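Mind looking over this structure? Questions follow.
Going in written order, the chains are labelled A, B and C, and every chain counts its residues from 1.
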Amino acid sequence: MGHKWGMVVDLDRCTGCEACVVACRAENNIPTVGEAQAATGRAIHWIRVERYWEGEFPDVRVKFRPVLCQQCDAAPCEAVCPTYASYHNPEGLNAQVYNRCIGTRYCGNACPYTVRFFNWFNPAWDTPLQLQLNPDVSIREVGVMEKCTFCVQRIKAAEIRVEAEKRELKDGEFNPACVQSCAPKALVFGDLNDPASEVSRLARSNRGTKLLGELGTQPKVTYLLRETWQGEKV
Amino acid sequence: MKAVYGLYPDPDSAQRAVDLLRGANVEDRSIVVLSSEPFDEYEFGRREHKTIMPWLAALGGLVCGLGAFAFVAFTQRAYPLPTGGMPIVSLWPNGIITYEFTMLGAVLATLVTLIITARSPRQSARLFDPEVSNGKILIGVVNPPEASGTEVEEALRSAGTRSVVRLP
Amino acid sequence: MATKTPNEISEELLRPLFHTSWRFFVAFIPLALLVLAAFGAFVYQVWNGIGVAGIRRPVFWGFYITNFVFWIGISHAGTLISAILRLANATWRRPVTRCAEVITVFALSIGALFPIIHLGRPWLFYWLVPYPNDRTIWPNFRSPLLWDLTAITTYLTGSVSFLLLPIIPDWAVIRDKATGWRKKLFTALALGWRGTPKQWHRLETAMHVMAVVIIPVAVSVHSIVSWDFAMAPVPMWHSTIFAPYFVAGAIFSGIAGLIVAMAFLRKFLRLEEYLQPIHFDNLGKLLLMMVLLWLYFTVSERLTTWYGNQSDEMAVFWLTQRGSFAPLFWLMVICNFLIPFPLLAIKKLRTITSTVIASTTIIVGMWLERFLIIVPSLAHKYLPYSWGSYRPTWVEITITVGTFAGMGTLYLLFVKFVPIISIWELKAGLRKSAVARGPLSVANARLELVAEPDGPLTTRRVLK
């Protein structure tokens, strides 16, 4: 059986440090758009940490929730793309093919999680930041949609390596950049088709919920939380 | 091309002219009627009314519709890319494309039929008088038989026109 | 009661083709400049990147898609008048039919530009067309955008045919009256039309078949455009009412657009005897019906949303009723209902002027309605952390204004090459209604046909 990549986000462990956000930018050549553009809502964060405040001072509680592409099995963004730039690959990933994208931005509207980002201008890096670019990841030009890929370049690199070494992939052998950089180990990544992998085990936890699961998107990211967002204990 | 024709100011006299021409033993096929409006309440304006255009439109629609469905299903099977958990050959979206192409087929079939059947037979194609565009109705005979001589001209004149033209 | 000979009718209706006054240029030149400005703005956008427009995450669609839906909506004018009234044998449609069909063709053409204008990489728009290529891929027919492509292509083909075919006999008339370069041009355009009964019958049969076909196509086109929104899981987009709502709204804005166009033609081409108060009265009554239908659909949609009380939908609901979009929402209600309803419902108030005022406010209101369907829903989707807003930039505004100017320029050019009232249809209709001799038919044809002064039978026979 092939792989089916999934992720678990443990909200009881997340501290909101946003190391995952920074690591993702570095790994995937995500451009900065400048202060003016960011003010109009055009900043690109393939993974973002949402913060919500509850209550009045001094009884304020902060909740963090990292949101990234949920790699939905019934992704609304896939059906609406006219050029198959967004489609479901055999390993369960929602693949974004930059070359096919003509920029209708329909997928961005259809995604209920708003995890899709658009290149409004050609990206630019001030010197010497271009030296830090990752050669494994292509740069996206103006007019192309992009989003979290579960670091597909790392997935492919690992698969090529184990095939050359004629062995099976071990659980935890590689991780996307966000998972790798998470200090409290709130993010876990792995193969959902392997029942013994840590991600499969955690996904079966009774603390697990799916974000906007009622919409029928069948996301492959499971969120763990001891209590529900309304404060009920699980 | 030889022809004799008269220009009539109103449909009643034009109808009289056609009746008189028939009385002068002119074949229906040789009678030419030209007008700047359709006169289908009058008998002379109802010639050659049989047409299978609506049936051809339906046929064109059917052919284009089936062709569109086959094409879409073929493209979906040729490079199968799953999207949104939907089947590779998705019937309902394909149905919408099929419907539109059915309608397009009907329109195109109508256009093609119109262009082909509205062409005049070459023989009478050159008979025309610009007075038709001034509202006159032209009733004439193409290649009148020599034997009829002035019969045709008399028939045309007595129907009520001052201008009878003989060509060449 | 105006009495005219058939030749007088032809002369008057052909006058704009042979005489151009300074007024034409006063109207044409500013409009053409606005169109050029819009084109320049588009080039600027392609050169610098689509980011020069105001759209942003999460409001990925803004003015351009609003314009797209708006113009496709306006294009339903022709279908209603030409096709539906033709099949219903409403003889009063005859002077109006070509004005309406022209609006359809031009509005569709303009509307169809916007899916290209709004693309991030517009130079690749042709990838939507299914053709064998070496990218080893065909387009995704599951996407509503592909349905848009096929529907608009079909509707455009049908509408252009519907417009051009009945013009051919009129071009033949011009061919015979013109001289010089005009004679050459119209000889080519007339395609050798002579006017035999066979040609007339084939033409009328073709028109009838296309009238029957174009009505379901028009319904499907705007349903498919509405499904661009309804097929996505966005709060207050994903609603089954969208297809009928949009079709009704399209016919609504189409009639309004037609009335405004007719008012301009009546004034500037001096067609007061052809485009009569009865036409504006009848269209005004149809418009009144559509006002009520629009209200019905809007109330149905909002009432069910309110009763459903789903948190994501209610966020968008309150945004338009009481929040930042409320001023535009209530302006829309004023424009679409509060102003037009009394003007159209009260018989004493239903004059040509008031019908035109009502139509103008309706055009504004319907543009706002498209905007309010698209933007508030996108601004407030499911996750509040990602809520946003939208503000258009000069690029979008220039292009929007430019398309309205474009409609004006296309219409002005059309009027110079084609008689805006279908001469043969008008004459045939007048003759038939005169022959019918009923009080109703005469009431509809206040124009009377008179025989030529040199007719041999009875010299001046007024057909009553």
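What we mean here is this: a residue touches a chain if its C-beta (ideal position, glycine included) is under 8 Å from a C-beta of that chain, and two chains touch if they have at least 3 such contacts.
Every value quoted in this text rests on a predicted model; they were computed, and no experiment measured them.
Distances between chain centres, each the mean of the C-alpha atoms, put B farthest from chain A.
Of all chain pairs in this entry, the one linked by the most C-beta contacts is B-C. Central chain by Cα centroid: C, whose mean Cα position is closest to the mean of all protein Cα atoms. Chain centres here are Cα averages; for chain A and chain B they lie 64 Å apart.
Inter-chain spacing, taken between the CA centroids of chain A and chain C, is 45 Å. Separating the centre of chain B from that of chain C, both taken as means of CA atoms, is a distance of 29 Å.
Multi-chain contact residues of chain B, defined as those touching 2 or more other chains: 81, 83-84, 86. Each of the following residues of chain A touches two or more other chains: 76, 79-81, 84. Within chain C, contacts with two or more other chains are made by residues 137, 139-140, 142-143, 146.
Taken together, the chain B residues at the contact with chain A in this complex read 81-86.
For chain B in complex with chain C, the touching residues are 9-10, 12-13, 32-41, 44-49, 51, 53-54, 57, 61, 71-72, 75-76, 78-79, 81, 83-84, 86, 90, 93-94, 96-97, 99-101, 103-104, 106-108, 110-111, 113-114, 117-120, 125, 127-128, 130, 132-135, 160-162. Against chain B, in their complex, chain C makes its touches with residues 6-7, 10, 130, 136-143, 146-147, 150-151, 153-154, 157-158, 161, 165, 169, 172-173, 175-177, 192, 194-206, 209-210, 213-214, 216-217, 220, 224, 424, 427-428, 431-432, 435, 451-452, 454-457. Partner chain A is touched in their complex by these residues of chain C: 48-51, 54-58, 60-61, 115, 118-122, 124-125, 127-128, 135, 137, 139-140, 142-146, 228, 231-234, 378, 381-386, 388-389, 391.
For chain A in complex with chain C, the touching residues are 37, 40-42, 48, 50-52, 67, 76, 79-84, 100-106, 108-110, 112-114, 116-122, 141-145, 212, 215, 217.
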